[in-house]
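Two complexes, one shared chain (chain A), two partners (chain B, chain C).
Moving on, here comes the complex of A and B:
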């Protein structure tokens, strides 16, 4: 009897604790969605007049101060920025990850440790150096240039991720490819890349997400006239009258592309090939 | 077709001498087994021949050309790995034609070449499957087809049969041997299984601790093992060993132990006279070379194991155990005392310290 009550209490207690921890976040998300679709809020939490009034920016220009842009321009810029950055991360990590997984060279371990160390360095302290670097190679104030600079922050850990995927391929498969006539590059391109598709997808998403959400690099290294979603939302926050419904709706649009990317790449992420043959 | 020669080949990994001063000639069209226990250097030797490892010292020669620095892709060799190492993302057809694709053979020839090897290996109906849908035996055939499609000068097989079940292994043993003879490709295969080596190879190179122990035909290794290690490694059940002393009595050389003594045959005695450096030697005799129920050596039956084709009897002479192959219906009780006779012409004698045969 007592044991049962105790069991029941343990269960309830854990739900209570978990609920309490989750509550603030859930409230925020709920309020965020409600705000996006409600024109006015009652007591700050209960929406009135549901509708798409907040989404006017989809067909009207967005203005801040004396300037204006459209959400489509900002979204286009953000996609361009994030895809460029993610592609740079993916290509470099796939090459470096293969090399670190399969080729013996002097200083390999040092290089690997260095990557971890580099990952620990916060991106902000590099901003000034990167500013001058981009300035000298004439890529400052250009989206591709800043995207490359942003990519460099994700490359260290991305290399470790990629290496992990290549490590999973048996040596015999590589040797087999070399016996069949492949050069190192052909081994990488024709045999290994198709086998690490989940890894490619993972590294790409990794690079894409961080670039998509980036604010500080975009804000510092791009001129105010080139707006990405993050800087656009920031500039709307900086105006005198803040329309929260409008911001929530804009943020919702900002969230959609990464979600779509996940859905799109999910299959690749989950498809793990069976290696070698029997007993491997 | 190619002649392979290894000349003082050594491969060290740090302080570990994986292969040490290996010299071996392999003739055109020969089927050679690299045999030895795990860690003996046989796979390292194979990978060095394939070009994955660069020899630390010595040379690998293909025909008369030194190929130490030639990358694997330029050696025109076929290789089948223990795990088969098929490309899991490609269909069987694409697996088999992959070497042709890399070699830039025109696409119109792929079909005929692939069909040719597929027919040879009886896998023509599997062309559209992927490796994950094949059994172990089928995967191995595909791996063989892939290695043969480019018409290699040399075929390397790394433990080709060890991932197959026992029954299939016996079938494939014979098939591989026949295939190799039909195609006439110089072939080197690595195995730890002495039965595989004995049954398939023209010649066996037995390695231990990175060093070549003996090279020769299966019969040579079986009948006249060069070292104690070879004698113990080749043959199941293994050879019996007993420490004995040699003594000369009235011009005849006698083998003497606490429990028995007998004179050696003249032929053997002469060789021993020439080679022996000490009176204390090791005598070896195979289980099938001991006759039970006759002779003068007394032994006690320890255990009897019927094998169907014959009966394996373990005996004790003093503290030393002997295994003897007796006729199939041989029945004897544990603890019974029996008489033994050694086939005198089949006796092996080894030096106790160098462990080398005294009969060579």
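Moving on, here comes the complex of A and C:
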């Protein structure tokens, strides 16, 4: 009897604790959506009407201070930045991952451990030096240069990811390709890349997502006149008069593309190759 | 002989070359550059003018003293000492509770607490800045207003607490995920046996689950220790280091000195301290955990 009661109470208590911790966050998230679509607010939180008035930036320019831009320019810049960065991450990691998985060479383990260390050191503390580095190699204030600098942050873990995907492919595949007269590079390009398509998609999404979300690199290394979505939202947040509904709507638009990419590539991510079957 | 060398070296170079050069360019060159700039008084004009140890003397209060340094050190210590336990204990609490309840409900709670990691930093910063704004337009003040309560100047009265929580809940999202998957791999027999023996939920957590999570807890503590020591982006977005240096931590101070005051030389010397601290921490971690175990995945010990 008492044990039952205690058990029941334990269950309820865990729901209460989690509910209490989650409540402020749920309030934040829900009001964020209400604020984006709401028109006139009742008590500051509950909207009286719903509409798309906050999304007016989709057809009107966005102004802050004395400057202005459009959301499409910012979105275009962000896409350019994120895709460049993600492509760099994907190509470099797919090359290195293959070598680390298949070729024996001196210093291989050292290199792999080094990647873990580099991953642990956040790039943001080297930002001053990266600023000067880009300045000296004439890539400062240019989106491709900053995208390359941003890509370097995701390379350490990306290499480990790529190596993991290549490790999953049997050696027989490689041997038969080599016997058929492929060079190393042909093996990689013709045989392995088609087999690790899910891996390519995963590394690409990884690189894309972090570049898309990046704030500090873009904010520091690009001039204030080239706005990406993150720096645009930040500069609107830093003005005197803040329209939170407008900002919530803008943030919502900012968050949609990664979701779309994920949905599109999800099928590729799930299609893990089956070995010994027809695919090989 | 010659042929074997080229047949091995050429492909290896083409596979490893790009990653090696990028790592060299964006990790090693910047570390060296940070160290070099730290010994100059580089300012707006970007002139290399070496001034020896002057910056470091200033930093450590030898002869000349930076009036903010003590405040910055205290802030950093409070921030790390606050955010780290909240992250680890919070992550443990949330993962254990959510894994011990109904599957669907647990999944729901884990999703809610994982959201901070999937939304962009700027949006996370926006959510906190908006929620805790000191006027009646801020979310929590608006809710207070609905009950007839006066506005609270959250970001002026509790800046450090808010900054700690905003960062800790980001940490919690990762810690919770790692702990939850580790808990899922504890054999059911262990908890079942404890239940049959009449152990309470607390005892199961304390004597069955937490001991099995020893390794994930260690790795997460090490990981978040490093991440909090270096972190400043979210603080920059939420309070900007203010009000009046109240939340200015070491990394943010370095950033502000360099990019707001344009004293790149001094800013680099501030960052050099962080780089050195990071290297020492890494060495200490390798000594403590051993290289071999660091390479392995965070396995649970049953």
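The criterion applied here is as follows: the second predicted complex is superposed on the first by the 253 of 280 C-alpha atoms of A that agree within 3 Å, B and C clash if a C-alpha of one lies under 4 Å from a C-alpha of the other, contacts with A are read in each partner's own complex, and residues count from 1 in each chain.
Following the convention adopted for this analysis, a residue touches a chain if its C-beta (ideal position, glycine included) is under 8 Å from a C-beta of that chain, and two chains touch if they have at least 3 such contacts.
Keep in mind the model is a prediction, meaning the values are calculated, not measured.
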Task = Please tell me, clash or fit, for chain B and chain C sharing chain A in the overlay.
result = fit
Chain A: partner with more touched residues, chain B or chain C = C
Ask   = Now for A:132: first (chain B), second (chain C), both, or neither, which partner does it touch?
value = second
Request  = For A:101, select first, second, both or neither according to whether it touches chain B, chain C, the two together, or no partner.
outcome  = neither
Message = Rounded to the nearest 10 degrees, how wide is the angle at the Cα centre of chain A between the Cα centres of chain B and chain C?
response = 100
Task = Mind working out whether A:183 is in touch with chain B, chain C, both or neither, as first, second, both or neither?
result = both
Ask   = Regarding the shared-chain residue A:77, is it in contact with chain B (first), chain C (second), both, or neither?
value = neither
Request  = Have a look at where A:18 lands relative to chain B and chain C in the superposition and call it first, second, both or neither.
outcome  = second
Query = How far apart, in whole Å, are the nearest Cα atoms of chain B and chain C in the superposition?
reply = 6
Key: Intersection of chain A interface sets (partners chain B, chain C)   = 183
Request  = Over in the complex, which chain A residues touch chain B? Could you list them?
outcome  = 170, 172-173, 175-183, 186, 190-191, 194-195, 273-280
Note = Listed in rising order, chain B residues that touch chain A in their complex are 47, 50, 52, 71-73, 77-79, 81-89, 98-99, 102-103, 131-132, 135-136, 139-140, 143, 146-147, 150, 163
Note = Residue positions on chain A within touch of chain C in the complex are 3, 6, 10-11, 14-15, 17-18, 21-22, 24-29, 31-32, 41, 43-45, 88, 91-93, 95-96, 98-99, 103, 105, 111-114, 116-118, 120-133, 135, 148-149, 151-153, 155-156, 159, 183-185, 188, 212-213, 215-216, 220, 229-230, 233-234, 237, 242, 244, 247-248, 251, 254-255
Remark   = chain C contacts chain A in the complex at 8, 11-12, 14-16, 18-19, 22-23, 25-27, 29-34, 37, 46, 90, 93-94, 97-98, 100-101, 105, 109, 112-113, 115, 119-123, 125-127, 129-131, 136-137, 139, 141-143, 145-146, 169, 198, 200-201, 223, 226-227, 230-233, 236-237, 251, 254-255, 258-259, 264, 267-268, 271, 274-275, 278, 282, 291, 294-295
